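Chain IDs A, B, C, D and E follow the sequence of writing; residue 1 opens each chain.
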Amino acid sequence: GAQANEKVDIAALAFVSSAPLFIAKEKGYLADEGLDAEISIFQAAQPVAVAIASGDADFGVTAFTGGFFNLAAKGALKVIGAQLHEDPGYDGSAILASNAAFEAGLTSVDKLPGHSFALSQVGSSFHYMIGNVAEKAGFDPESVELKPLQSVPNMIGALKSGQVDSMIIVPHIAKPLANAGAAHIIGWVKDYVPYQVGGLFTSTENVEENREMVEKFVRAYQKGVADYRAALLATDADGKLVESDTTQEILEIVHKYVYANDPADKAYPKIRNGAMFITEEARLDVADVKAQVKWYQDRGYVSADADPAKFIDTSFIPALGQ
Amino acid sequence: MRLQIKGICHSYDQVEALRDIDFGIEPGEVVALIGPSGCGKSTLLSIIGGLLAPTRGEILICDKATPEGCLNPLTYVFQDFALLPWRTVAGNISLVLEDHGLSKADRDARVAEVLEQTNLWDFRDAYPKQLSGGMKQRVGIARALAVRPAALLMDEPLSALDAQTRILLLDEFAALFARTGMTAVYVTHNLNEAVRLANRVVALRRRPGTIKEIHTIDIPIAERREGMPELIAHESALWNLIRDEAIAADKELENVA
Amino acid sequence: MRLQIKGICHSYDQVEALRDIDFGIEPGEVVALIGPSGCGKSTLLSIIGGLLAPTRGEILICDKATPEGCLNPLTYVFQDFALLPWRTVAGNISLVLEDHGLSKADRDARVAEVLEQTNLWDFRDAYPKQLSGGMKQRVGIARALAVRPAALLMDEPLSALDAQTRILLLDEFAALFARTGMTAVYVTHNLNEAVRLANRVVALRRRPGTIKEIHTIDIPIAERREGMPELIAHESALWNLIRDEAIAADKELENVA
Amino acid sequence: MSHDISEVRAERQSAASPASQVRFRATGFNPKANPVAAWGFFVAVIALWQLGSSTGVISELAMPSPVAVAKALWQLIVTGDLWLHLGASLQRLVGGWIMGTVAGLFVGFLVGMFSWARSPGVAFVSALFPIPKIALLPLFIIWFGIGEPSKFATIAFGVFFPTVINTFGGVDNVQRNLIRMGQSFDLPMWSVIRKIILPGALPTILSGFRISSSIAIILLIAAEMIGAQYGIGALILAAGNLYQTDQLIAGVVVLSLLGLCVSWLLGRLDRWLLAWR
Amino acid sequence: MSHDISEVRAERQSAASPASQVRFRATGFNPKANPVAAWGFFVAVIALWQLGSSTGVISELAMPSPVAVAKALWQLIVTGDLWLHLGASLQRLVGGWIMGTVAGLFVGFLVGMFSWARSPGVAFVSALFPIPKIALLPLFIIWFGIGEPSKFATIAFGVFFPTVINTFGGVDNVQRNLIRMGQSFDLPMWSVIRKIILPGALPTILSGFRISSSIAIILLIAAEMIGAQYGIGALILAAGNLYQTDQLIAGVVVLSLLGLCVSWLLGRLDRWLLAWR
């Protein structure tokens, strides 16, 4: 690297979705690029984007939401790569029905109309997912009664106690719930793909004035993604997830940040359950992001002047399918 | 109605306010209570009116004759008038008639009667805030008269008024007592009022309040006039009686914090 | 100090309170202002003291001689005492000396002097709430004397006190005026006070306040005594002067809502 | 000592004008209300704000321009969404406020009149009043579910405590001499309560309504955090989440206006019930 | 007419005892404070609550038992987490409160004393006071970032408005006759402000501190909604999110106790500054 030990601040959530960042840092990929990286863990997705827009941090990864697109539309952010992606070959978010609703007949996705659906907030990724699922499953999204409950735990509580009929949730929550008999999985979001869950982004200022640093960062991130894929997404011939020789090493690294309070034997299965698909080289599904923006815009959640072409920058990582 | 005050003692938490007060009040008599500030005049009047339970002693009603239609034999007239600001003059008076099973017509008749007596008829629909101090106290008197009391208990009824209004009402009180032969206990600081209105003046000593002297003024109330030399003589006698204690009371710290 | 009140008129928003008031106040003279409630006595006194700007007319200081060390020639004594509750007696007095460039020693000396004069030395460290009404007003007087005023302006200084304390302080005022030869304007409702203290009594008519009569009492203040027949005669004369208007004022609705 | 005093005096005399009129000295300290200044101030603030937005001094990210807010508001009106939101919120406000107020008045009167209720009531209220209602939302979900009851409960709880405080304050403030007057005329206890204490406490209770209605409006957001599809609070939350700051401020403006309306209504109620003042 | 009156009278006389003593009639309506009753009430409520929990009448999900809460609290104390949380929160409380109070006092005095500030100030405050601070959180993040400044700002904003209202109320409440007295003695304006208005407004200002400190505590949760790792508000939010109701109630208890402490401190301040009352 030209400049040794340039400082970069990374905003991340303590989720498996941020794992490539943790790997890049712990395995020294960032240091190799001459970047002195500091990771701050945030409690919620929204502030990650704000922190980058306001210049408090340099890079971040979170899920796409209406709020994210609105913020990006104001010009302070650039999406430069991918985070999770729903892929038909891997378990992603599951569609759950409460026990009561399941017994009353909500046994498949096409029966959702007329039922209530828990989400954290209007315009959140949950909102998009149910809308997307509804469209592709061929029913009117308006026919599902939305219940914004502010937080995921509230959603789980409401589903468990039967106060709402359904929700969509990440696999590492969905599977244990279903296994414990607290809810029923009635479908998977991966059956309604494509869906680009989230992205890697930085500030416009960095892209315009510090391209070199962004390039270095992207290289390190991609190495992290490659390790993640090799360790956590390895499959056998039948497409079943298997352990590779790096799996234990990567789990150990991720465990430093995710479920850090749990012992390894409890944390590792959770991490494995939560390890959703990430595209090779972290290529962004630009077409889907554009579709998402349009979906939000059609419903008035994102301002009409938000132009994905302006806040997506594929000059660092080529778009998926290019 | 004849009242007998028997061995009344009263202590507030730490203060002994009254000790062994004994005297009688004859029917039709006006008794003035005087004494320096804090000697227990208000305390004694509250006890007589049943608004304060004495520590010891009792107030006996010896002769139970009450006027016809009397609803409240011992009736208080308050220094600060105690009018309900949300009721009109007529409403304030009818308040005290409402819970005695009188018909509406009876109540209205009584209200009209006392309003006429106190020259307040034109103001029956006025609210207290629209009245001058003197008129407010006349409403207080009217309200007291409406229950046809056997005795009026008056705690400095004129002291909240200005000097000129006080002179005017004093004349009205004198006329009222002379005309009706009402029994009354009249607490005052103002010796001039005491000698104008009272048949007997009970002078109290300061803390604990005891009777210093009972002074009789044997001029018929109807014949008394402002500035009568006899009255001035009585007034000086009373002043000499309480002067030293009044000076001491004034000097005293009211709150030794 | 000789004051000339010249053509004073004053109107509040809608009420015409004073019209064409003209009179002079000689050095060393005590002038009492009397009149029915609402005739504009307080308004006139505030105008004299520069606390209210008259609608028309002016107050002229013709002879500027002031006592030595005078800090505030026209000094007000308030009916409600206007003591700062968070300052002690001495602190209340020194308040009015603080912004005149006096040294601490000078201030303390003046405070001590007026405390002695008003018999308050023992209470110099008491707070107002610890004082009786009469003592509070004595602090008010002490504060006024501390600035060595050319004239005292007193708005019903005794009316917030009870009858007995009033008699006591009235004596003190008479002694003070007799001793110091102080110029004073004294507003009162109480004719008894007016005839005890004033060299001349200005009687005002009601709304708009105009001068009805200026009544001279030519007995030296030091020689006046409570109950003197001459004084009683003066008092009756004044009462006759304002009686009808006082009755009308009392009858009047103060707020025709 | 007398030396510097006469100096002071000499200064003062020389400072006085030779015309020697008594000087007016009771100036100031009597601020006057001036509605025009108030409106002018608002107009000025909004104009400045618009200017700042137009010139880019205030970035759009930090604060939407007044025009954008007005547009968002207009949009809410023409799409009819505003009435949907407002209707849902008003129902919650009115329902929750009435529940909290009725309970608060009842407890307040008990605390104000009876020794047995006094200390426990006061202690209870002062221990629970400062608890932030948002803190209890997770429990409210369990107790009252995610439907309307939990929203009513949030507002009712917020309204209850200040109403108790004001009511017993009002009862305490009833002049004791009026009560004594009633008793001196042998009025029965129920008459004393109904004819003296109740009307006497009314002014304080009504002024308490101003506080409790403001609190109810403030708590609307908390109430609509859970499971509300419509409502001004839900609108603001969603707008905040979507970083639609123009809609967010539009929602806040609606709350402000709602507050003004309620305070105007209470003013009318005041004037009607307290005409005797 | 006289017929039924005499009937009434006959009844009353027959009801009177033959001993014919004057009856005491000024009963009741004078509730007495009774600290023992207050404590007894608390003990009784907690005992009942524990009983309900132990017998299962109150499900563990709906409300943790007092013992569980005490355990959670104890756990917080022994692990030292409590001090971490409390330290972080106290810093925010004190910082935010001081900022809001200083600004509020300044504006309040202006509004209380000067006509030019009066109407605009009052209008401004009454328009912005009822805005729920949570509604503005998304903007606060943009304006003040996600660090401590936005937490200070949330609390400071909450404290500012009631302080303004109380301060100018206090200035208004200074007896005009005291100000006139000062002026009648020709005290300079600055002296009138410092020696009469300031101490005269102090009681109201101090009682305003009680309100503003309660508001500050209530807003702690809102302030710590964004990016707070430590703090009682963050603790409660996290506990609520995890449905650890015992920790949640423990946090609420800490807030309650904090409120009591502050009110005790203010009581001392009162007694010290207002000894003259």
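Rule of thumb we're sticking to: contacts are C-beta pairs under 8 Å (C-beta built on N, C-alpha and C of every residue); 3 or more make two chains touch, one makes a residue touch a chain.
As the structure is a prediction and not an experimental result, all values here were calculated from the model.
Contact with chain B and chain D alike is made by C, E. Note on connectivity: the fewest steps through touching chains from chain A to chain E is 1. Over half of the residue numbers at the interface between copies chain D and chain E are found on both sides, making the touching surfaces mostly the same. Per-pair counts of C-beta contacts peak for the chains D-E. Averaged C-alpha coordinates put the centre of chain C at 46 Å from the centre of chain E. Our note on geometry: chain B versus chain C, Cα centroid distance of 32 Å, whole angstroms.
Centroids built from CA atoms put chain B at 87 Å from chain A. Chain D and chain E have Cα centroids lying 15 Å from one another. Residue positions of chain C with contacts to 2 or more other chains are 49-51, 71, 127, 129.
For chain E, the set of residues that touch two or more other chains comprises 25-26, 138, 142, 180, 183-184, 186, 240-241, 243.
In chain A, the residues touching two or more other chains are 46, 53, 154, 157. Each chain pair that touches appears in this list: A-D, A-E, B-C, B-D, B-E, C-D, C-E, D-E. Against chain E, the residues of chain D that register as touching in their complex are 25-42, 45, 61-63, 111-120, 122-124, 126-132, 134-139, 142-143, 176, 179-180, 183-184, 186, 189, 192, 197, 214, 217-222, 233, 236-237, 240-241, 243, 245, 248, 251-252, 255-256, 259-260, 263.
Across the complex, chain E meets chain A through its residues 138, 141-142, 145-147, 226-229, 240-243. Looking at the complex, you find that chain E touches chain C at residues 175, 177-178, 180-188, 191, 195-196, 199-200, 274, 276-277.
Within the complex formed with chain C, the chain D residues making contact are 1-2, 4-6, 8-9, 12-13, 16, 20-26.
Taken together, the chain B residues at the contact with chain E in this complex read 46, 48-53, 58-62, 64, 66, 68-71, 74, 100-103, 105-106, 109.
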